[in-house]
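Two complexes follow with chain A in common, the first pairing it with chain B and the second with chain C.
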Partner chain A sequence: MNRRDLFAGAAFGLALAATPALAQDESYTIGVAIPSATHGFMGGLNYHAQASIERLEATYPQLDFVLATAGDAGKMVNDIEDMVATRNIDALVVLPFESEPLTSPVQAVKEQGVWVTVVDRGLSVPGIEDLYVAGDNPGFGRVAGEYFAETLEEGDNIVVLRGIPTTLDNERVAAFEEAIEGSGINVLDMQHGNWNRDDAFNVMQDFLSKYDDIDAVWASDDDMAVGVLEAIDQAGRNEEMWVVGGAGMKEIIARIMEGDPMLPVNVTYPPAQIATAIELTALGLVSATPVSGRFIIGSQMITPENAEQFYFPDSPF
Partner chain B sequence: MTDTTATEAQAKPRRRLSFHVIGPLLALVALIVLGASLNSNFLGYGNVTNVLARSAFIGIIAVGMTFVITAGGIDLSVGSMAAFVAGVMILAMNALIPSLGIGVPLVLAGMAVALVTGLLAGSLNGFLVAKVGIEPFIVTLGSMGIYRSLTTWLADGGTLSLDFAARTFYRPVYYDGLFGVAWPIIVFALVAILGEFAMRKAPFGRHCAALGANEQVARYSAVRVDRVRMTTYALLGALVGLATIMYVPRLGSASGSTGVLWELEAIAAVIIGGTVLKGGFGRVWGTVIGVLILSLIDNILNLASIVSPYLNGAIQGVIVIVAVVLQREGKSAD
Partner chain C sequence: MNRRDLFAGAAFGLALAATPALAQDESYTIGVAIPSATHGFMGGLNYHAQASIERLEATYPQLDFVLATAGDAGKMVNDIEDMVATRNIDALVVLPFESEPLTSPVQAVKEQGVWVTVVDRGLSVPGIEDLYVAGDNPGFGRVAGEYFAETLEEGDNIVVLRGIPTTLDNERVAAFEEAIEGSGINVLDMQHGNWNRDDAFNVMQDFLSKYDDIDAVWASDDDMAVGVLEAIDQAGRNEEMWVVGGAGMKEIIARIMEGDPMLPVNVTYPPAQIATAIELTALGLVSATPVSGRFIIGSQMITPENAEQFYFPDSPF
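And then the complex of A and B:
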């Protein structure tokens, strides 16, 4: 073996080492960490996350995705640590399971120079994320409240079913109350239905026993609306009142499309917001489009006229 | 001397029985009086039917739980199992519509699927506890997670819904009844009466109590320990199936959030009713009272809205503890 060959070999080795490095400059890995599909809304969120990942992988061959779903905050932290350690991610899209326990792990990821997109639930320290994408909780209550204020007359009676006692629920209810203030609508009662069909059914049965005159129900969630409608049906008081749910479950949207008089409208709180977050993050990586900042997805009113554009028959939610 | 001990011995059990019996009954009567004074609709036909019918699911399960606990076991998986059985039942009925059409055969097939699924699920718990010899707390904690996530998986994270036409046909099983008494209430009453009979008069009840009190003694007394233990779990599984048969027509759907915490409500009802958590003594009618106490608390809190709804859980907790304390005082008094 003479010297020239030795050099050639070294050059070949260098070239080998250089090629993947070059390729790595152009390809990116995006980690997506979301809660697992334990109920309808998260089911929809998982569906939209997977759908947008498939779409983006087809459009941008240089993008790689790591999707991890977690049943609790601890598992989510582990998932994120694994993504950084073993997949060397360039960007992280995370829907924090809980704000507090996820804050410092996500901060650590950020400090390693990874782009961070936070979805729906904020972290407890501001300024960690590059991009924040969320639904509009006060808007969710306000849009519903405005519909009640416009449609009902002074002295009409309503009952309200609330979700699981959380900040999110408080924001929605406060905005709803603000929107109906001064309209003369009586809120007879508010109880927690915990975003659960069975609980909402029981609470509504009791409301119906307690009050002889109810003109409308703000069920504030479509799962609760299903239970409420069944209780009203059982009492045979269908003619008397209408129900507004929320979040846009496909079965409810279908009934709005058919013009069901008991379900006049719905308010969106789209599980597809995860798709917005993933798409924007990808766009920021593959192009020079600026995507940092806050992106609040407005809560829209779904009416029989526009219901079709909110109907996703393939989504589980 | 002999005379005095004899009379004392006679007096003791009588007094204990009366205190023991009065505890949960007293709490129930107090709740009914409270409810009636707070709202005039409380004792109305509609409200009484609502409360009894919604008690039926937990009630039917709690009767089975009474036997499991009396025999010294515990089952944490019943809530998840109910969700799983409901999911399987809905999928089976939807799949059978093309071949059976919508009618009585479809509903009967659905009921059979629910009972068999429940029985198999319960038997599996029983097998692992009785034959493999694993702690029941661990076995059922494991199966609790398994059934819950199987349901979520079957539903693809969403909700499993029964075909609309099939549901309309099946609906009367929850909402209609005989002579104005809803079906779930009738079924609950039958299960409770049969359970009370089995606990008091049948050998099975005595075997459960013997097994729960002292396994070695039961074994030497020719009780087939493994078989009795396995039967309690299988029976509970079948009763979960029966409860599901009543549950599915109510909302026609099942999801990962169906039956959450039912296991704890059922266990609480059993203990409120006077059954001993560590086994050896069980009282089925006490369980029925325990179930009624739990659902009346919810009902009264909704009807009265006297306190912040944030405190509902705290009030429930206080009443549950008080109901049990009443019994304890009765016991220590003798």
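And then the complex of A and C:
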């Protein structure tokens, strides 16, 4: 009986019993492979992975977890092979460090009958994973754009900082542009700040020297927002404009909670999506609930009224 | 403090504590409004709603549920208004009886700060719900089509029964046709059996009288498959062809488990999607896990090897 059969059998058993009691007789091990906490977003992701594992271990004594973090694709491949060889995992939750080098190793795991959940970055070959969990990139741009369109007046001027040139960035920006279409807002300029604080600082310094009337900035990322705010502060133009970043960095959320007029709102692209992926994978093992498919986590607007829901003081991000 | 604030505060409290203990101090009520068990699929859906509520009540003592079933849209609207007025629900899970008459009432519930999860059938206005859970209609056709393409030979003949003429049926059939493209399979005929056993029986009788060489039938639904099998049986042509239905009716799954050559496989469109919706809604209340967004449950192939995972003997469907 391979692992897939075990998995199927247990789900069946639970359905028969219609109580969680039977499932508790059978124990399962879930492997979680994620990138190391090398920068803000991944720091948050590591925090939420750990928090959801603690919650699940307390809720379901029959579940065990192996969490491995990797600073490069090679280490992640080794981690995953170890999980299968030495821990006999029933399910794998993986945020691929890079798509290409992880595709064959994850496919091999899948072929051994292990449930596979892929998070955020897809693999290079479609259809390998049982469950895909990711943020909503068009929604991320649209929610921000709708706020700009509702809040600004016709003729107001904005500048936009873009991420690293990628499909993902294109999707976000296209949805933002569509949402402000017809609002009469002038987009003075758009430049790539590459989701990087220092690059964003330089781009914003350039915008500030070129344009003497800016009403708002779509920084489109909280790391970039930090660089943008620093440039505005050095130019002494804090009263002139507000800034919308994105992804919910805790320092930014704290300022939204305080009602900072420079940071009126934010848009989620939650590092806690790893928790959604781990929770759903666990649910598939402890119950007969269908959890295969594709879950796109909505991008929500964070306002002073709801900000505390998105504030995680213990998270590094 | 309205319900939305309570909800937000609790999620925040849990994140702070990073254990489920705090959340257990706060109790929540989830309303579940679904159509009555008037036919097979809805019977299964009622069974899975009840089973997931039992599982969740046993797992999370801080959760209460109100389950209401309705035979028409007016009753469902009343049920939902009652849940808000007399049970003060924190979240609503609804499978709209019909989209149009449920849209305003559900929107009113949302505006009172109640979390809203919509299942299967969308509302007429987009963006009301926090979470949307549904099956994968293109996937339902594609998975079936891939099986036909892989199993049949060039020149083999098939007939197809379609559902009630709807966008949903069009999506399924278009994906099926795309999957068999280039396989050399001849589609002799396609007619609407309207997801109805008797209609499917009549359509299949007609096919059998018209065509003297049929290798396989895509009945595209298990209720239709039952009618199709009866027609084939009456014509005494059981040895000639196999049939693929869909949605996982338990009598069909039982025959797949037994290795019946006339029913080699099935494709899921699970009535248990209601369990996914209820579980995710509950998870959003007892933890800080992001559960807003859009979850499309994958259509999976059911084979003799994995069929027991999809067999629910206590369910009416």
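Methods note: the second predicted complex is superposed on the first by the 292 of 317 C-alpha atoms of A that agree within 3 Å, B and C clash if a C-alpha of one lies under 4 Å from a C-alpha of the other, contacts with A are read in each partner's own complex, and residues count from 1 in each chain.
By our rule, contacts are C-beta pairs under 8 Å (C-beta built on N, C-alpha and C of every residue); 3 or more make two chains touch, one makes a residue touch a chain.
As the structure is a computational prediction, the values presented were derived from the model and not from experiment.
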| item | value |
| --- | --- |
| Which partner, chain B or chain C, touches more chain A residues | C |
| Chain B versus chain C as contact partner of A:S209, first or second or both or neither | first |
| Which superposed partner A:F317 touches (first chain B, second chain C, both, neither) | first |
| Which of chain B and chain C A:D198 touches, first, second, both or neither | first |
| Which of chain B and chain C A:G259 touches, first, second, both or neither | neither |
| Partner chain in contact with A:A272 - chain B first, chain C second, else both or neither | second |
| Partner chain in contact with A:G155 - chain B first, chain C second, else both or neither | neither |
| Chain B versus chain C as contact partner of A:A37, first or second or both or neither | first |
| Footprint overlap on chain A, comparing chain B with chain C | none |
| Chain A to chain B touching residues, read off their complex | 36-40, 42-44, 46-47, 162, 165, 189-192, 196-198, 201-203, 205-210, 223, 226-227, 230, 234-235, 251, 315-317 |
| Residues of chain C touching chain A in the complex | 4-5, 7-9, 11-12, 15-16, 18-20, 51-52, 54-55, 58-59, 130-131, 136, 268, 270, 272-273, 275-276, 279-280, 283, 287-298, 300, 305-306, 308-309, 311-314 |
| Touching residues (chain side chain B, partner chain A) in the complex | 39, 41-42, 44, 46-47, 50, 54, 152, 155-159, 161, 175, 250-251, 253, 255-258, 260, 298-299, 302-303, 305, 309-310, 312 |
